[in-house]
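There are structures below to look over.
Shared chain: subunit A. Partners: subunit B in the first complex, subunit C in the second.
This part shows the complex of A and B:
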């Protein structure tokens, strides 16, 4: 029930801002064993709970800079949290020695290059920028927000 | 852990007698020595290395802190954030000492498996100074993504979220619930921990064990209680499923040293009178060589703008000096834009053990007076607002109404005659974390 309510609120918000948000996708290197990963697995990797692919191989998440729109949208779609919630979350984990936040790349181009060049990282980009060098392993459509 | 401020005990003339309590059975020097050396090595190593690029070893520096101001409306007892503080504001006083602190941390990521972390914090501490303390200094090794091993100086993980108590930016309230965390003065240990994470059903199960020795001191009236070389041991089991987190924890500490001052004077008096009753009372009150056990359970629901936390704990002490008790809190907050209003209820209740009569009324009164110092019987209503000002900075205002009985003394310092167990605390803080 609450999820439906949040979805409606989110849709209203999009309608209100008047800009149709683009779809984000989670990407990995085509050499990894998986074709897709689940939402829970993606959350575990990004939130530092268990950073591995289902195959058991290490999975290190990459973030886009906070000054773009993608990062805020990504966390809203993945865990339904605002960036300040995410910052507070990482303050707890970093200062209790548990885990470090995802490494932040400089740009969308760098994100694609890192994922294309390394098999142990995952990233997210606007679907429009996906090319053959990377594999889409999960979709985060704006209209299907949880 | 508590001072005796009523003068009842201090007035006792002191026959000189040695405690007949045997010394602790073993003295595990090699392990302890090894821990101290490891801690020292890590500290020397961490800051000496330079910042490197992305794929090579990387050093990152982080800072956190809180600037706070509090006003205690009434009550003839010092309000403290927890029992590691030697004093605090009492009725009618303002104080910046309760919550203000600053910390710095260096993380040196050697490679994907190995990280070295050191953290120092300056806060109002046991000796009434702000001398920075090394709160963390450890190596973290992940042989596999689901196994974590750490060794060195580690934050105390007695209760859920107890190892991030100092980082105000990471939680909703001005300070961690005093009823719940206030009686827990332990902040870190020199030792080892290990955790394994398993996928169970749709969620993650995380099991952790830790062990080591306390290097800390706890304030006790004008002096300090030395916890050094006291072995600590514990573990916890957590399960995370979607927006839900559950955790069960157990931890114990065995005290290597007795308390000083009034406590020591009372014990000397009891031991010096060769009656069965006085010896039984002294045995019951002995702290050295006894174990305190802490059990706790916590549930957190965190979904979108809503978060709810419920924690309960129980403490069992072998020494009758410390009253067994239960504590808990319920906290909920709902984010609206950058503002998160929150409300909480917490409680702390300790009950005295029955100690054999000494056969001497004046001494019985002194024994009862000593045990009464760790009595707690109170609950607290909390209302507040957190405003997320910028990324890495928040402002909070909070009102706490403490409702207790006049005998509720455990969580305070320097109680004076007329203490009613009731007060209000108004607080405003700015937290940052980078």
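This part shows the complex of A and C:
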């Protein structure tokens, strides 16, 4: 009995770690000029500093709602910040109006649709969701997160 | 001001407090200001740093984006702080994102601005990348103003504190020092110390310094009062002493005066004025009288006495004779005593009566001596005839006497000798009592002297069959007068023989008794009863012997006692009735180094009358008394080989001597005209006659006369009445000597 309970717990743990360790990837329309972008460029785009691709084409970042695990994971992997930090960051910029936070889409599916449909957006999804319609321009392996 | 300053503790304290408070305050404020400024600067910088910290993130974002409005917001926000003079935010490209400066009010005062704060701005996402810079310049004016405000606050507080402290100190001094001291001072003024008043310490100060001061003052007052009382007592004593002295000074019989060193009299008593006639002038400016001005016989004596007194600092006495009171002179005894400070006290007493009495006594004594001398001469001259003729009668071989006549002549001779003895002893006693006794102390060896005395006493001892034993050792010597000691010994021996029993014995011995030499004479006589002891040394007491047949004058022991005393010795005796007596004399021993005079034995040489045959056989006899010449002629009948020439005075005698050149001169001393002494002097000075021996034959038996005679150069001195055998012996001896020396010359 206890053996069964123990093996069950072990399986659950495996499953959780598997989902937590899931790699996020930056995706863009395959029509863009670049195949990859650097982390620096990704940060510039997401944090509002320079919303362009290295080629000069506009790049509007898309964000996921805060209720999922992906958004927090994304910012942790990208700039190593918690969501509260990111919120505070954007709150400071509200008054100047010079920069605005990324547009939030409803779900991963919507994110995937938007990137597949438009060339001037950039988004992030779990690697598992990626399909042929989008191009992975940067990988954010969870092990590589600092 | 000065007076006021030094008179008040309060003012001094206030002044010093003010100065020290000011100095301390200023110093402290100075120090405080620099500390405050330092502190405030430091605080201002840290405050500004913290301020930057609070906006850091926002600035970081502003620089990162870069976002000028956001930077401007931040800058404006920061500028609300008045300590900031200007602020600027630069992005990574050194481009200013935002900047604001406060308008500068007075530039000239801000010569050295405060250093600016530069802070690099780090990227919000990458701690390694710098995205901009924030530069902040603090407002020096504002900071200085705030510092000044703080310092002013501290200054004010310190001032108040110092003022309050000073007030407290001053009031404490007033309450705890000045007031009690004033009270003590008032009490001191009101205090009557001799009546026993005491200071009481102010309330609450009994045990502190003020209380101690009060105690010390009380102790001092006690001491002073004690000293004062002693002083008063001493003054009373001194006054009493002075009164006493003045009473003595004024009423003394003796004259008292005070002298300066030069003899001036500064004060004297009435007796002094009365005696000397000197008087102190009432006006001190006039010359005061001097002791040296006294009109006396030897004024130098006073000066000498005064200078001696001053030099030696001891009391000097002097007798002076004042001449100025009429015919009689006044004798004064002067005592000078140095009493210090260059003053001399002189005391004079009138000794006129004393001096006159002394002179009278001396005159009387001289008269007595002269009387005794002449009496001696007058008594001896007839005795000479009596004894001389009796001896001649006895010795006359041509017409021998009958037995009865012989007995009668014997009585005459015995009585004559007794009388002669008596006269001699009375003379001695008189001489001793008049103080004319001449003692010549010399070192004398006892043994020869005792031998001589014993041999002289032997004849009388032999007649009574008394045995004399002499037990004196040779070494003992004494210090005495030879003649007198001989006299004493002879006297003691003759007494021991006279008062002995027939066939008894006399023992003589010497020994040491403590520091004296004792000569003891022991006899086997009747002894002296104890109750008669006190009479032993009284003149003319013979203890009943006057009723016996024993000859004696009762003076011998008295003379012995006086002589022994004069020589510094003692005489004494002890006796047992029926067994005998022991008489002893004690004399000081001879002084070691002196030459010991040996008593020249002149023991009568009885056997040289016939031996020498060769002599010049002419003798000149100068004598004014016919009886004496007759005696001498009868004596020389016994010497048929000698020619006797006589002269009646010195002048004719001298002529005779020059003409006849005799072998011997017999010279009387008391001659009419030229005296015998003068004649002897002439003989001895003339070369022709100087060698002729001279024998003085005189009744002048006083010691002085004998001495004079011997000094003049006579061979020997015979006193009348002379002993005939002795005379014959001396004549033969002298002639024999002359003859021998003549033979030697040829």
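Assume the second predicted complex is superposed on the first by the 126 of 146 C-alpha atoms of A that agree within 3 Å, B and C clash if a C-alpha of one lies under 4 Å from a C-alpha of the other, contacts with A are read in each partner's own complex, and residues count from 1 in each chain.
As a working rule, a contact is a pair of C-beta atoms (placed from the backbone, for glycine too) under 8 Å apart; a residue touches a chain by one contact, two chains touch by 3 or more.
As the structure is a prediction and not an experimental result, all values here were calculated from the model.
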{"item": "Fit-or-clash call for subunit B and subunit C when the two complexes are aligned on subunit A", "value": "clash"}
{"item": "Partner chain in contact with A:60 - subunit B first, subunit C second, else both or neither", "value": "first"}
{"item": "First (subunit B), second (subunit C), both or neither touched by A:81", "value": "both"}
{"item": "First (subunit B), second (subunit C), both or neither touched by A:33", "value": "neither"}
{"item": "Subunit B versus subunit C, judged by how many residues of subunit A each one touches", "value": "B"}
{"item": "Contacts of A:96 with subunit B and subunit C, given as first, second, both or neither", "value": "both"}
{"item": "Contacts of A:48 with subunit B and subunit C, given as first, second, both or neither", "value": "second"}
{"item": "Of the stretches 3-11, 93-101 or 453-461 belonging to subunit C, the one that collides with subunit B", "value": "93-101"}
{"item": "Subunit B and subunit C contact sites that coincide on subunit A, given as residue numbers", "value": "49, 80-81, 88-89, 92, 95-97"}
{"item": "Complex contact set, residues of subunit B against subunit A", "value": "54, 60, 62, 64, 103, 105, 107, 109, 112, 115, 117, 119, 136, 138, 140, 144-146, 150, 154-155, 161, 163-164, 166-167, 169-171, 197, 199, 202-204, 240, 242, 303-304, 306, 335, 338, 388, 391-392, 394, 433"}
{"item": "Subunit C residues within the subunit A interface of the complex", "value": "57-58, 61-62, 64-65, 67-70, 73, 124-125"}
{"item": "Complex contacts: residues of subunit A adjacent to subunit B", "value": "2, 6, 40, 44, 49-52, 56, 58-60, 66, 80-85, 87-89, 91-92, 94-97, 100, 103, 120"}
{"item": "Subunit A residues within the subunit C interface of the complex", "value": "43, 47-49, 79-81, 88-89, 92-93, 95-99"}
